[in-house]
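Step one of this worksheet: look at the structure below.
For clarity, chains are labelled A, B, C and D in written order, and residue numbers in each chain start from 1.
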Amino acid sequence: MRQFQCDYIAGCHPDLLSALVRTNAEEVPGYGLDPFCNRARDLIRQAAGTPGAGIYFFTGGTLTNRTLISAALRPGQTALAASTGHIAAHETGAIEATGFKVTELPSVDGKIRAEDLLAACTAYETSCEQFLLARPALLYLSYPTETGSLYSGEELRAISRICREHGLLLYIDGARLAYGLAASDDLTLADIASLCDALMIGGTKCGALDAEALLITNEKLKEGFLSQQHLRGALISKGRLAGVQFAELFRDGTGAFYRSLGVRAVQDAQRLRAAFIEAGITPDGSSPTNQQFVRISARKLEFLDRNFRCEPCGLASDGRQLVRYCTAWSTKPEAVEELLAAIAQTKDLP
Amino acid sequence: MRQFQCDYIAGCHPDLLSALVRTNAEEVPGYGLDPFCNRARDLIRQAAGTPGAGIYFFTGGTLTNRTLISAALRPGQTALAASTGHIAAHETGAIEATGFKVTELPSVDGKIRAEDLLAACTAYETSCEQFLLARPALLYLSYPTETGSLYSGEELRAISRICREHGLLLYIDGARLAYGLAASDDLTLADIASLCDALMIGGTKCGALDAEALLITNEKLKEGFLSQQHLRGALISKGRLAGVQFAELFRDGTGAFYRSLGVRAVQDAQRLRAAFIEAGITPDGSSPTNQQFVRISARKLEFLDRNFRCEPCGLASDGRQLVRYCTAWSTKPEAVEELLAAIAQTKDLP
Amino acid sequence: MRQFQCDYIAGCHPDLLSALVRTNAEEVPGYGLDPFCNRARDLIRQAAGTPGAGIYFFTGGTLTNRTLISAALRPGQTALAASTGHIAAHETGAIEATGFKVTELPSVDGKIRAEDLLAACTAYETSCEQFLLARPALLYLSYPTETGSLYSGEELRAISRICREHGLLLYIDGARLAYGLAASDDLTLADIASLCDALMIGGTKCGALDAEALLITNEKLKEGFLSQQHLRGALISKGRLAGVQFAELFRDGTGAFYRSLGVRAVQDAQRLRAAFIEAGITPDGSSPTNQQFVRISARKLEFLDRNFRCEPCGLASDGRQLVRYCTAWSTKPEAVEELLAAIAQTKDLP
Amino acid sequence: MRQFQCDYIAGCHPDLLSALVRTNAEEVPGYGLDPFCNRARDLIRQAAGTPGAGIYFFTGGTLTNRTLISAALRPGQTALAASTGHIAAHETGAIEATGFKVTELPSVDGKIRAEDLLAACTAYETSCEQFLLARPALLYLSYPTETGSLYSGEELRAISRICREHGLLLYIDGARLAYGLAASDDLTLADIASLCDALMIGGTKCGALDAEALLITNEKLKEGFLSQQHLRGALISKGRLAGVQFAELFRDGTGAFYRSLGVRAVQDAQRLRAAFIEAGITPDGSSPTNQQFVRISARKLEFLDRNFRCEPCGLASDGRQLVRYCTAWSTKPEAVEELLAAIAQTKDLP
């Protein structure tokens, strides 16, 4: 059975594994105060062009999201997110469990439109009973989005500008950032970092084993952030797990290696996309990255399911199944070829 | 200036005030353990036809909502509500501040449709990754709704049935219940109580001074509920404030007096509605109760604003102002006559 | 049965009741934006000598405490309180339910000693792993304390100075403030207000029906506080209940009437104290105010219990019962005489 | 510089590292649903003699504690813990941030005494105003404790019995369990598991890289626990990190290998203890395990600090420094010999 259901099915990239093995016996302090973490911090700051940024490590994305958001908001404030956003749709109410409301904005192709963001800000600002409303104070967006799409530079700049003009922090969840950087040159890592207050640089889905880095440029957010991490159970005793891996992911100080981990996955995903279209299976959304959502008939899906695992996502509006096929840095070339061949074979199925 | 902006502008009904004066010097225990509260409990149970119900008193609606909902849910569960529902739209994230997600359902004329509720239940139940989703465990709805509309008996019964079949508690916010009972004979107090697990019987908007009663029929919810109240700061030291007033509101043991407080307000509101239509001012929604939302041109509104205060509710989709006019048990007949005359005068304004 | 178990057994003072009756029919805006509340705010500011203070009204003490403390703290910070403090001992974990730890300091005669406060601050400041510790950020104390004792001016000034030097907010819970002001001239209302960042001026136990005022002098704490109130369900729809009563309590603009409500209660309580000592019943603590805690033998208690209700407080360390007798503004003179006589009669009981 | 400040300074045990390398390329499902986790679950259940237990994996101890405790308690309930307990003293208020109060019990040598536990239960049960108190519903204790001490079988059985008789869940934090099992034969893993409702089997401090296992025997606690994990951000995307390591730690199905990782560390620590005593440096507490707390003069400490890092723990009551020296599964024999020699050299220092 070939596994295409998600992008976290393998361990870590061989180079990261070697680094873990090489450093395993060294005795270092805990809580991310070790030299590996410090080196990783320097390299990430360099690659992102943010020399003064705070860099914090986590073992997972939901933990990162809820720690950052609960540290950023005060009671009575709310985080805005696309209705398809991870914190709105797939985290069991993990943000709300820290006491904060997530306000859903409409999403088009997985993305928030500047006009909808502006409307939400204006609705609050022009209300004559503000004390009855949660105040928009942070915008959460994903790059790439949960549906695989990407904001253009123009789109992200417009959103960033609105956030700054209306006093919202901008937090970008880059759980799959390597794939986004690989798929488009419109926005570099440094561009993205410069447009937001905090950015999660995903490791777990991009070559690492249970490791994410959070880059914070906003000075106020950095204050006492270690304590915020511990409070949410997110401070890693042996921070070296993340430090060693991120020092390797950003070993070149430019992000080139990190980005490179997304390149083939994106190419493979686009080949799958073309094959789906060719076989009459409709892609859902514009995804130029490593996740492909398609609407597929029951018969075709049954055929593919025999050898290829995908993730079911419910029924599409046209009654067909909505499913996701993911590639990853670890996807084997032969698996892709096999899936391409199988997709072609579905052509004659109803 | 005549005040039509809301239904909590006067103190309490003269009969309730007399009762407060009459009992003021009596020395009784605190925390709602006094004879006034106990008598009010008996009368409410009798009127609602729920002899075993727990009855708890509060000083306000948001406090009632958040205490009940946070006591009913376990971490990882969510309360469903109409997107126009009070807990979704007008409580600053007060439910989320207790740690729980409010999931918004589409609303039509302020009401939740059975089919949308069913779809939300089914989406959860058929998900193959339930542990990533907040579990629907309670449905919140308002009777009357925030837009003044009323569920029919058939509608409420369908919703209640779905809740029971899918393991959701049904909590009905009756902050304006007297007006709902006065506006329709389709559902009596006893009918409503029999269809849900908990029901707020509103006092503050229905003749009382800062007092609400919460009727709980669900046995599990009643367990240790006093402690839940205290935990949220909702246990009233001098519970007599609510006890004396509710004993008066339900003095007849049938709810007739309580319902009667809504009758004239509803009649007046319907006269206003007819006058608005007559004057080319479009009602928004079907409201048969005491709140009338209308779309009104800037010129007409300016004219009415000179002598009549309404509540602005933003822009309607057609560019006109959306505003609310409320009547109440305390609205003076002459104020209604004056407003009717003024509405008629707007006819010639653009 | 004469009731001495607490100081909230009667309704409100006749003058306050008259004011409620007199103003009942007036139509005013909700949420504390009415003229009664505004007048009460002005009078309280004048009496407290704090012209710029924010004044907010609540229906109860626990609601006040948890709203203020949760608005003042950020995640990872803690409120310090005496182990006998109301928020530590008698609120079901109501502060923790908002997400914040209450750190208990040792208490002597119900009071926090400056040296223990200083030690707690120093322990945090000198820790080499601060991120593992909750940061002391607010001190909660009660005046009078839960055991009836009073801080001297010297004591409170020392505590206030430490708070300011170590970056802690000082919040004083004056649920029984009238009795404290009546019992000692060492600290006036203005003195107390000048030493802290926020002060609850108790109404419910001092002549009002379910009403407390919170005076905030700290500018940062005032920001958006209405929203904090609504978030915790603490914003009163008909704020007039508190506004009318507090405008009456502070009608003279000096606090003289408010303080006067405590005078007789304190005198009566001190007569009871003397009588207990005379009868071989030992007072527990120094209380110069309206609460008297005594250690009493089972036989004597049984005798008094026949006609006088007190509040049981567990076993004292010497094996006798620990009970509380409270006087209040509403205590009837004849009830005090009867209790004095009964205490004298216990002399011959074992 | 030799590092004795804690027991999480090295990576993972070579056998665990080999297993991670060996399995790295295998493609498996996420969220702990992989075959490695399943195998680890089976082995742990076998070793603990709890065939029906639920086994959940975490990346850290605080995350485990707060997830378990917040899932176990309902609003208004409290977790009891020793005042020296990790959740009371070293987690920044992480439990309170989930909304629950931690009630501190006195501790003697780091341990809770059965009599103090019983007193806390009785105080609640005999209170006549229970609704004002947080209800004791869970007892947290550590084995070994934070001060290195161990409960005897008799002590733990007495505590377990009280918990069951008074309706408290018993949760044992075994972050350093391997050292406890190695230090005493009085209680086996199976004994401990049989006495409690939930047990954390520590990996991070006992040979693993950021991995803990939580064993739950209580049926009700197991319900929906995956969702509780996700809600707190504690569900590991690549659960294999923990699964592979725990499958190795418990590869024999008896716990023998896991326990063996503590043996030398405990022996070394006891040799250090003897050396300290010999050198006039007083141990603080009875610790038979791998942590040794000592009271040491400034001069002696300065001498040792040159080559050996320990953890400062503030001032002891006698004015000397209180510091901790830890051994671990990874401590190098030569480091121990060097420290022993250095301790002997301090004998002549004041």
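A few remarks follow.
Keep this in mind: a contact is a pair of C-beta atoms (placed from the backbone, for glycine too) under 8 Å apart; a residue touches a chain by one contact, two chains touch by 3 or more.
Since this is a predicted model, take the numbers as computed values, not measurements.
When the C-beta pairs in contact are tallied for B-D and for B-C, the bigger tally goes to B-C. Distance from subunit D peaks, on a Cα-centroid basis, for B.
Subunit C and subunit D have CA centres that are 41 Å apart.
Subunit B and subunit D, compared by their mean Cα positions, are separated by 50 Å. In this assembly, the C-alpha centroid of subunit B lies 34 Å from the C-alpha centroid of subunit C. Residue positions of subunit A touching 2 or more other chains, listed in rising order: 75-76, 91-93, 97-99, 131-132, 227, 230-231, 235.
Against subunit C, the residues of subunit A that register as touching in their complex are 31, 70-71, 74-76, 98-99, 130-132, 135, 224, 226-231, 235.
Taken together, the subunit A residues at the contact with subunit B in this complex read 75-78, 90-93, 96-102, 104, 123, 126-128, 131-134, 312, 314. The touching residues of subunit B, when paired with subunit C in their complex, are 3, 5-6, 8-12, 14, 17, 20-21, 23-30, 59-67, 91-94, 97-98, 204-205, 209-210, 227, 230-238, 240-241, 330.
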